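Below are two complexes that have chain A in common, paired first with chain B and then with chain C.
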Partner chain A sequence: MAENSAVPDAAPAAAQSHGVIHDIGFRHYDGERLGRGWIVRSLLVETFRGVFGLGRPAKAKIMPWVLVGILFAPPLIFALIAVLLGLDELPLSYTAYPQALSLIVSLFVASRAPYCVSRDLRHGVMPLYLSRPMRRNDYVFAKFAGLALALFAILAAAETLLFVGALLAKLAVGAQITGYLQGLAVSVLYALVLTSIGLVIAAATPRRGLGVAAIITVLAVVAGVAAVASELLIYNGNETLGNYVGALDPYGLVDGIAVLWFGVDSAFGREVTLGFTGGVAFTAAVIVVVAGGIGLLMRRYRKVGVA
Partner chain B sequence: MNVTVMKLTARGLLGRRRALLLVILPLLLLGLAGLTRWASDASPEASSILANNFSMGTLLPLMCLLVATGVIGAEIDDGSIVYMLAKPLKRRVILFSKLAVGFAAVFVFAVLPTMAGVAIAGDEGGELSLAYGLSAILAAIVYTAIFVTLGIVTRNAVVFGLLYALLWETVLGGYVPGIRAVSVRQWALSVGERLLGSRQADEWAFASEVGMTTGLIMLTLTTVGAVYLGVRKLSTLTLNSVE
Partner chain C sequence: MPAIATQGLTRVFGPVTALSQLTVEMPTGVVGLVGANGAGKSTLIKILLGLLPPTSGSATILGMNSLTDGLKIREIVGYMPESECLPPDVSATEFIVHMARMSGLPTSVARERTADTLRHVGLYEERYRPIGGYSTGMRQRVKLAQALVHDPKLVLLDEPTNGLDPAGRDDMLELIRRVSADFNISVVVTSHLLGELERISDHIVSIEGGVLQHSTSTAAATDFSGVVLVEVTDRGPEAVDRLQAMGATVTTGAQPNSFAVAINDERVLDDVRGVVVDLEVGLIRMQHGRHHLSEMFATQQEALHG
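Take a look at the complex of A and B:
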């Protein structure tokens, strides 16, 4: 599935600066070459579309759209509830929404991350990508950005549905706009953190089923352990440590940031009282997770296709 | 059953680092069981709640999914199953061998930890462990059969299996009472409930939505149906790389 491999050519030798294999014996092509940036862009678009099964057979579309459908259903119900009961705010806040549906969001990441990387690993096509003016790190960037954008797109779409529902229910517009913007900010963080974790695990194995199972197990176990441990610590009076331990869960981490920077209520229903230090620590943790994830991916891809 | 198929399956399931994935969840359960004992002074009721919600509700389905993916999903995924299917073996034999290995793995990695978890968290004379052990064995057989078949039918077995295990039984069951009776966990628990006797079961919060007769009938029907469908689907398996 190498990009542009269907467009062979034999550009003049002078134009070929970095050892790109163009002439593979087919019809010559003398037109303009769009270069490295365009290849990365194409790979990113291809990854994004593939996540939703676009441009693929109907069978590949079932799973992502079932999950997206489940993710989009509650906002409609919330809007109805708000209209029927005459509430003055949504039953669930914008920042708490991704956490409330964390099972679906996790399943989406777990099923789509291996899709992005495992086929290329299994079929050993990395050398084909690299025979084009694209670096290993470009590949990592394109895959990461493609999945993160797709994840952000579904989260942002769900937030938008919540917002539209709130407006239709005639809730106070000012508060809804603030909440909506906070929801979008949280969606960005969720997209980056979950993509980072998902891709690192997925890139470790060429077997898709195993990748899906591994990601969901890791996310479920981390969430379970963090929830129980922080609950126990807070129950026993050690609130500060309990709050930090709760952030071991990616959902707890992003939720903590929302609570500390935006002053919203925690989706977990616990008091996060870490103040400015906590906010900085959590933000730093997100940066470490994302940078670390990209770093690990780059390290992993330095060896792919060599041996 | 075919010994070679079983050996190959076991190696595919446990070989290299893959066994690690199977150990994480049982270890987590034992840790939680220790915490429960410490927090509740070894009360059988707290132990039963842990076993019902975590062991039966999460650990068992998740482990059966992991194992089912390991015994057949991975081979279908990378296409190596064609070498096994090309051998002069009945597809039935291949599936039964894989199911046997899968069940054995689930027994070791999920059923035994469930019993150990109950024993650690709090028990009286081993009765509660036995009741949960029996329920877990029945649930393990059915889950393994369902998920292995699901693995043959679709590439997305893990996701659909999880949607069923977590969303159907836990979330939807909370809103629509009827759904709670259509659940492998409840059918399996009905047998354990009868074993304990209704008074004891009440006291230890060991409850099932259905009676034992219904439970056993549904368990048998589901297993037989799943295995039958699995054999049919494996006989007509076509490999494609759609996804």
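Take a look at the complex of A and C:
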């Protein structure tokens, strides 16, 4: 940005009070006007950039990049450990990695989801979007996709670092490729599920601070309660119910899918013994969470800017 | 073709009737839409943008039906809301480029037109700073810029002078006049202050409680009123007495030396001259009186200025 800090504050004020308008004439535009596809794409890109604070003041970049930095550090350490100790596999599997850093991932969702939607609700920007050639649901879709893509991007980047580290440590390539692909699949699910939960809460709490607090609270409380309840149930012999209760936590849900479909070890260190039925149920649950979240968002936005 | 035409437009929110059987045509140029807060101006604008379906009736904007052609209408119409609508954490440039793309402009065109438009509304170096630090006047200019950046055929401006100081109001009104005269974009501008709309509008529409009160061109409303305004240097009351004795209809005002004489026939003008000569006083002014728009609204004076 070509910021001209040499201009004192008085100069713009003076220009304004004179109401000077350089008379070079207003140029009309007869060129192409691109349709809704372009508009949704542009809004998606803007949302994605906004998540990382791009095109925003430096202050908006701190939070996302600190979290991204923390998320990216362990893969480098793991690779180092694997090299130094001559391990034959990574200290932490690809599918378990997002859960292991769930605090960071949750913080990222909690801080970024409100940034995507609360801003437009709180500052009344919605009427400007609605007065443009797009539909309400286009806005919802673009915001959802923008945040989900951003979330997937950081998770996939972390998985890629793990993979690169594993290759540098000269681990068996075949197993690493399988693990890496499983890690990417899990990242897609995490991105969709967490975006859905995060955006629904953020859109319901137009004050950004409240939204951040609400999301982190919901994710942390649900994770805690689900983990404890699941542990107790399994300890007392009701393994099936325990496994289902554990999946109330979004991390438990996606982890369960990884265990049941990919046959990997659970990140929670528990046995998930639900078989095919469980795999179908968990997958259905993901679909319900995502579709339900989008449905709730559409409902939330149906009345915005009208009454 | 009128810029906007409505036929029997009605909108009901539960027990509240926001618009009732509104049938009106607004020509191109600057149309002032006047009415108290809650008169139905914003509801009308939302229906025109195709954001709100009318309960009954229909509206046509630039020949397109608001109910079915919402997307097409919003492509070539700009809207400046009354409320605060700017995110504080981006610069005006960044924001207007984004909004231009949201109107369907390709990025390169969006950048070019953003620079142009911000200059036209009078934002210079400050356009690179976050909007959060702007004055009300600058914010109003940014709001106007986002309505103009995609080169609309018509802009709907909802209370653009709200919150501005007198100098800011004058600048904004001048800018709106330029949008129509120089940019060749039709304007519908709402306000609850008739006085400021009178200055820039070619046509005035007033609504009250969702019902159309008046729709008239400004030229017609400010036509000659059929009186001559007279001001003398001295002995005004005597002059009035003499004129009345001659059979003229005279209206006096607060100033003893100025009064209005009805022109029933042209002879009255000679009588005025004769009286002034007889009394040996100076004649300061003798002028055809014009109607003021506010006379049309005399009955709603309280609603408009209360």
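Here is the rule we use: the second predicted complex is superposed on the first by the 280 of 307 C-alpha atoms of A that agree within 3 Å, B and C clash if a C-alpha of one lies under 4 Å from a C-alpha of the other, contacts with A are read in each partner's own complex, and residues count from 1 in each chain.
By our rule, a residue touches a chain if its C-beta (ideal position, glycine included) is under 8 Å from a C-beta of that chain, and two chains touch if they have at least 3 such contacts.
The model shown is predicted, which means the values in this text are computed figures rather than measured ones.
Novice: If you stack the two complexes on chain A, which partner ends up touching A:Val228: first (chain B), second (chain C), both, or neither?
Specialist: A:Val228: touches chain B, not chain C.
Novice: If you stack the two complexes on chain A, which partner ends up touching A:Gly31: first (chain B), second (chain C), both, or neither?
Specialist: Touch partner of A:Gly31: chain C, not chain B.
Novice: In the superposed arrangement, does A:Leu248 touch chain B (first), chain C (second), both or neither?
Specialist: A:Leu248 contacts neither chain B nor chain C.
Novice: First (chain B), second (chain C), both or neither: which does A:Met63 touch?
Specialist: So A:Met63 only meets chain B here.
Novice: A:Leu296 in the overlay: touching chain B, chain C, both, or neither? Say first, second, both or neither.
Specialist: Neither partner.
Novice: Going by the touch definition up top, name the partner, chain B or chain C, that contacts more of chain A.
Specialist: C
Novice: Counting only touches as set out at the top, which of chain B and chain C does A:Ala281 meet: first, second, both, neither?
Specialist: It touches nothing on chain B or chain C.
Novice: Touching chain B and also chain C: which chain A residues?
Specialist: 56-57, 60, 119
Novice: Of all residues in chain B, which touch chain A in the complex?
Specialist: Touching chain A from chain B are residues 18, 21, 24-25, 28, 32, 35, 39, 58, 62, 65-66, 69-70, 73-74, 77-78, 151, 155-160, 162-163, 166-167, 171, 241-243.
Novice: Contact residues on chain C for chain A in the complex?
Specialist: For this pair, the touching residues of chain C are 13, 46, 49, 51-52, 71-72, 74-75, 77-79, 81, 83-91, 94, 98-99, 101-107, 109, 113, 116, 119-122, 124-126, 128-130, 135, 137-138, 146, 150-151, 167, 170-171, 174-175, 178, 182-184.
Novice: Which chain A residues qualify as touching chain C in the complex?
Specialist: Spelled out, the residues of chain A in touch with chain C are 1-4, 7, 11-13, 15-17, 19-22, 24-29, 31-36, 38-39, 42-43, 46, 55-57, 60, 119-120, 123-125, 127-135, 305-307.
Novice: In their complex, what parts of chain A are in touch with chain B?
Specialist: Listed in rising order, the residues are 56-57, 59-60, 62-63, 66-67, 70, 103, 107, 110-111, 115, 119, 122, 206-210, 212-214, 216-217, 220-221, 224-225, 228, 232.
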